[in-house]
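This report concerns only the one structure given below.
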Amino acid sequence: MLRRWHLGKSGIVVWICLALFAPWLSPFDPYLVVGDGLSAPSWNHFFGTDLIGRDLFSGVVYGARTSATIVIGTGLIVVFVALTVGLVSGYRGGIIDDLLMRVAEIFQVVPRFFLAIVAIAYFGSGVEKLIIILGLTSWSGLARIVRAETLSIRESAFVEAAQLFGSRTFRTIFREILPNLVPTAITYLTLLLSRVLLLEASLAFIGLSDPDSISWGYLAGSSQAYLRSAWWVAVFPGLAIMMAALSLTSLGDSEGRRE
Amino acid sequence: MKKSLTSVLVSLAALGVIPSAPINAATPISQGSPCTTEGSRVEGPKKTKLVCASVQGERIWITKGGDLVVAISQDPGSLNPAATTAGAVHTASELMFNGLVELDEKLRPTPELAESWTVDKKAKVYTFKLRRGIKWHDGVPFTSADVKYTFDEVLLKYHSRTRAAMLTALDGISTPDAHTVRFTFKEPYGPLLLQLDVTEAPILPAHIYQGSDPTKNSANLAPVGTGPFKFGSYVRGSEIVLTRNANYFKKGKPYLDRVIMRVIPNAATQLIALESGSVDFLWGVPGPDRARLLRRKKAFNTLVARRNPGGANCMMTVSFNLNRPITSNPSVRRAIFHAINRQAFLTDVIFNEGSVAAAPFSKGIVWAWGRNLKLPEYSKSKANTLLDAAGWTGRDGTTRTAQGVSGVANGTKLSIDFLHFPNFATYAELYKAQLTEVGIEVRLRPLQSGPFSTAVFANRDFDTNIISYCNGNDPEIGIRRMYDTAQIGSVAFSNAAAYSNRAVDALFQQARNTLDLDKRQDLYRRIQIQLVKDLPYLWLVEPKATRIYASSCGGFRPYSLFAEEAYCSS
Amino acid sequence: MTNESPLLEIRDLHVKFKSPAGLLSAVDGVNLSLERGKTLGIVGESGGGKSVLVNAILGLLPANALVSADRLHFSGINLAKLSKSEWCQIRGRRISMVLQDPTTALSPLRTIGSQLCEAISVHNSELGSREIRFRSIALLESVGISDASRRMADYPHQWSGGMRQRALIAMAISNSPELLIADEPTTALDVTIQAQVLELLRSIQKERAIAIIFISHSLGVVKSIADEVSVVYAGRVVESGSCFDVLTGPSHPYTQALVDCFPEIGRLRGSLVAIEGQPPRQTEGIEGCRFRDRCTIGRDRADCACHDPILKVSKGGRSVACHAVSI
Amino acid sequence: MTKYVLRRLTQVAPTIVGIICASFILVRLAPGDPIDVLASGNGDEAYYEFMRTKYQLDEPLVTQLWAYFSNVLRGDFGTSYLTGEPVVHMIIPRIGSTVLLTLSSIFVSTIIGVMCGLLAAWRVDQTVDRVVLRLSTLAIAAPSFWIAQMMLLLFALRLGIFPSDGRNSPGFSGSGMARTIDTIWHLILPMTVLAIQESSTIARLTRIGIVDLLDEDHIRLARAKGLSDLQVISRHALRGSLRSVVTVIGGRVGHVFSGAVVVELIFGWPGLGQLVLSSSQAQDTPVLMGVLILVAAAVVVTNLATDLTYMVIDPRVRLR
């Protein structure tokens, strides 16, 4: 268990380093043509070049940045919306609770990938749109967890006593809930975010991602057609995604299990 | 499974278990070899029956019967080619229909449903004599009423290209008798004969469509036509089976028993299906795989085509928004032209399938394209010089900024956007990469067709974009819309640049009213000379599609009714 | 000590758990012994290793637990050497258990009747279902459930906490075990119900001569039922002896502190005293006495800081582990 | 019990109404003109006017929403912009394929997933458990289009055991048993690809569910009663874990639908996923909304079924 946690943690650290120091770590500008199209991995180009002759290694390094942006952006939206909805719903109860939970259900029952396809079809792709779409379709599960936690704490004797003394209950709940939520939230988020990475790749595979910002998903998904003639364009970015997703899940596994 | 069975039989034959067929040692003939005598003969260990048949004007030995499995990328949804220009619908359904005329490889009209035609001197009245004895697949005779109905009620309402080109020019269609159709125009109309093939004007059966909404008729899913193949079955999203029309008016054709159109959306899967033998014919293969496929074995053949069921002579074209301060400057447009290495687009994006555009008009319109016109060549230094002179300055490797450019505040970055369909992403990436090198920042905006048209044509919210403009078989069909002042507006895929030049407008009108091809050629040349001066568009590359098919099959045509004379041996 | 060997005899029992942070010690050299028909109370704060001790006696420790003992004998059987199938012969038949929370101890998905019948049928495969049912009803009635035959079909959530605990006791005595381990059986119950359940346990012990290990964090409860008592702190027994002696004259400062928490037991001192701090989570690597940080006496003593006190045995069966106490 | 069922049913209705309204608003908020697609690069103003009237795109938004809403309730999802066909006619022939693909993979992945989960939970922290965990983590982290392409290359191209695409062989005309066998032969590859990732998730969730359950008091008590390991698992744990397994499977339906999009694309499986892709490229709004509403409704119904299953399993819910 210790080793798994280290694997997850070190994977994330590598990822973050790549994202932060991309300009120094990559030998070329990933958006510029620096060689022949589809040349195989060599000393000059560790991961070879893509269709139009851009350095794939630099692409993968810079891709860490975009992928991290997508993952963090989605995570922030999910946490923000889920906390707000969950807390309000659990604390206020009644009609507001019913209403919010119905809304959450609507977001929960429409499969995320379907909705992403439809939304991109109408609004176009782009990292910021992708983050919004993924964020808005992923919060409902966490919101339910927050709500359940809020409810149980609200009903516990502790808060009853606090109410008796007129303390600010909402703040109490907030302070009580957050620490309790951390392990569950981490497990939920890491699993979700590893899915987000893969989902972005799937969207790229069906041709719906943003070519203006090189991400792992874009590199892996859009090059699958060349898997057999130029394996490197399909394999290296795919491996990056796998490693990142693995790191996230093993981090979630270990963090979530520590009480 | 077929393969293994064959190999078992072959090995059994080698062991002498099965007596192999006597081989004609003197003249071993194979499928595809030329023949002169009528008749048939039995060949090979499998006792295949070869017949002597006419394929594209030559007589060769072929196998009659059998199935051809064709991979198509999209489920057509409808099989009525007259009510839409959608490529998927035309790909799947054209084999069941005919046009009044057929266009050969050099775009010469040849008889099809019409056996002959006359044009009056002013090019205002066209009279077609229809071939006699043609029957619809359901046995009802084909008459001039079918032609009139199809044009009046379907083509001129729903077929957007035919409608755009003909509706305003046409005075009316009359049917003097059951086998004569007459088109009368308000003014001289040159290009009609190029608009009557099965892609632009397939003829529907009036007796089935009359009185119904042609977009909702149930025959759209089980069509009745006159074409070489009859409708067999259609399983949604899966396959369309066409069967041989034994009563086809071209006697003896087609040679195949069935054509099976199989929906396989993923290009990689199409390839695997071809290689594993479950599919015989692909409409196109991504470049690197095509090379690998052809290098590795002789099991496959190719056929290069300029014309697709969706449209002909397409050219990848970058539009400049002439209403925007940056791109309205001709020097900047010329600089971009110089900065773009179009050869790289040919090799890296379309893998040499096609050619670099050499004139504003497609080379496919053989008589009209402007030979020996000089488009700005690839030269980064010329691009830099022009940009510097235009007031866009900056150090190497950085984005240029404005210094005294009219309409732009000093210090503004030279940053333009580029709108494109998601499937043109590789074009976009290369465009961005090449312009970055001369200090122009490019922001890519991938959009599906709907939002794309709205942004480009309705809102004019773009600096540059890329469109595959299909030039068609005549400049009047697919080119005029790009340059005509009257075509500026919200109609999609018209004059994207918002180019307006009265002289050019007048020349286009004059060319349309001229029947003499030499005169028209001269008018179009004058237009193109002006366009190369103004550079409202960047004419990039002219892609061609390479069909790939199993070498057990053959006889495919690079234009309409591609499988009319096709054959397959197993 | 009598000549006859005790029903349960434990000497120097250690239980450690494997974890990512290394071995964690939960029980650290515990000695216990219990005569037939007697009641032993084990007292201590939660987290002190009481439940681990119980699970060790029943062989219910998880796979990552390491058990070692000089002696771990029940009725002459070496528990440390039992195979899985031999354990099944002991558990539920000769040693049985009552758990703390009757809500979670019963499966919510099955009727009380079926869970009770199961406890009987497991060890009496020769009995027919009618006979088992008959016995079950009789058992329920014997623990004070009225209308038992009808209520057999109820699900646990339809019963009150006290009734559920009675059902669990019925289950525990269904095979007339020699030893019943009651792991805080009254903690989760209301005070009035607590008294009823204690009364029930007392009467059962009287009627059936079952030895009981009664675990509690409350001296008040133990006092009313136990003959002997062992006080457990951080995996160790710090004081043991007859119930009356220990509670009236606690020697170890920890026992003293526990007694002080319950004014009706201790001499009234005017105010309730809480024990500050918490028992150490990790006992490995602690120098000196484990109670030192919380001890009012030993905080400044040098021997308490350096040496772990050993359990000193005195006359009258009392023993205590403290540097400050001389016996 | 009846009250519970009624309550759940009344919760379903507003959700579905909400989905219909939300998808309508989403689609209408978007820029873009559907007629552009129909014109496909050609067509004049009059053509646009004509098509706009034909599809009632010139009515006010509220009128359109109301009309759409009442039509949907009558089972009419409008007609496709692209083909002019009723949307229902386009969806119905594809539902079967998608249901076949998703249900079969849920079925297979449930069996495999629950078995692996049980095995891992039973031998928790031992070799079997670690192997199951590692493999499932890998399967979950790998992009599904990778797995699909590898399977295609291996089984369809190299070994030639399974067909590469479609639901039936090209031009297959058999019926009855022959057709069923042909379909199953085509189903195996895409179903397996979907099932690999699903069973991994189910195995992990089942494992966690049971591991948590084995810590619970009533399982401890069951063992204290003298039940053997096997008896504990079969009489107590399995039944107790049923609830979490049902939850897991209920929650997976949406994911399976999503996963099916890529799988259908790669294997040319004629289902709803392909329809969604082609319609989204063409912005065929009525079709997209139809599929979206239908799939969402399917998930709602599954959730309802999950809750009703709890009711059967759990007396606490049943006897409320």
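Per-chain numbering from 1; labels A, B, C and D assigned in written order.
We take it that a contact is a pair of C-beta atoms (placed from the backbone, for glycine too) under 8 Å apart; a residue touches a chain by one contact, two chains touch by 3 or more.
Please read all numbers here as calculations on a predicted model, not as lab measurements.
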Argmin over chains of |mean CA - global mean CA| returns D
Farthest from chain A in C-alpha centre terms, which chain would that be?
C
Taking the mean of the CA coordinates per chain, how far is chain C from chain D in Å?
51
What is the distance in Å between the mean C-alpha positions of chain B and chain C?
86
Rounded Å distance between chain A and chain D, as computed from the means of their C-alpha atoms
22
So, in whole Å, the Cα centroid of chain A is separated from that of chain B by 42
If you look at chain A, which of its residues touch at least two other chains?
120-123, 224, 227-228
Overlap residues in chain D, where contacts from two or more other chains coincide
30-32, 149, 153, 265, 277, 280-281, 283
Residues touching two or more other chains, restricted to chain C: which are they?
none
Please name which positions on chain A make contact with chain B in the complex.
29, 31-33, 37-38, 51-54, 120-126, 207-208, 210-212, 222, 224-230
Quick check on the complex: what are the chain C residues that touch chain D?
55, 58, 60, 63-64, 84-85, 88-93, 96-97, 99-101, 104-110, 118-119, 122-123, 155, 157-158, 168, 171
Sites on chain B touched by chain A in the complex:
267-268, 271, 286, 288-289, 291-292, 344, 347-349, 422-423, 425-426, 428-430, 432-434, 436-437, 443-448, 450-451
Under the definition above, what is the set of chain D residues touching chain B in their complex?
30-34, 36-48, 50, 79-80, 82-85, 90, 93-94, 97, 149, 152-153, 156-157, 160, 163-171, 265-268, 270-271, 274-275, 277-278, 280-283
Seen from chain A, its contact residues with chain D in the complex are 102-103, 105-106, 108-115, 117-123, 194, 198, 201-202, 205-206, 220-221, 224, 227-228, 238, 241-243, 245-246, 249-250
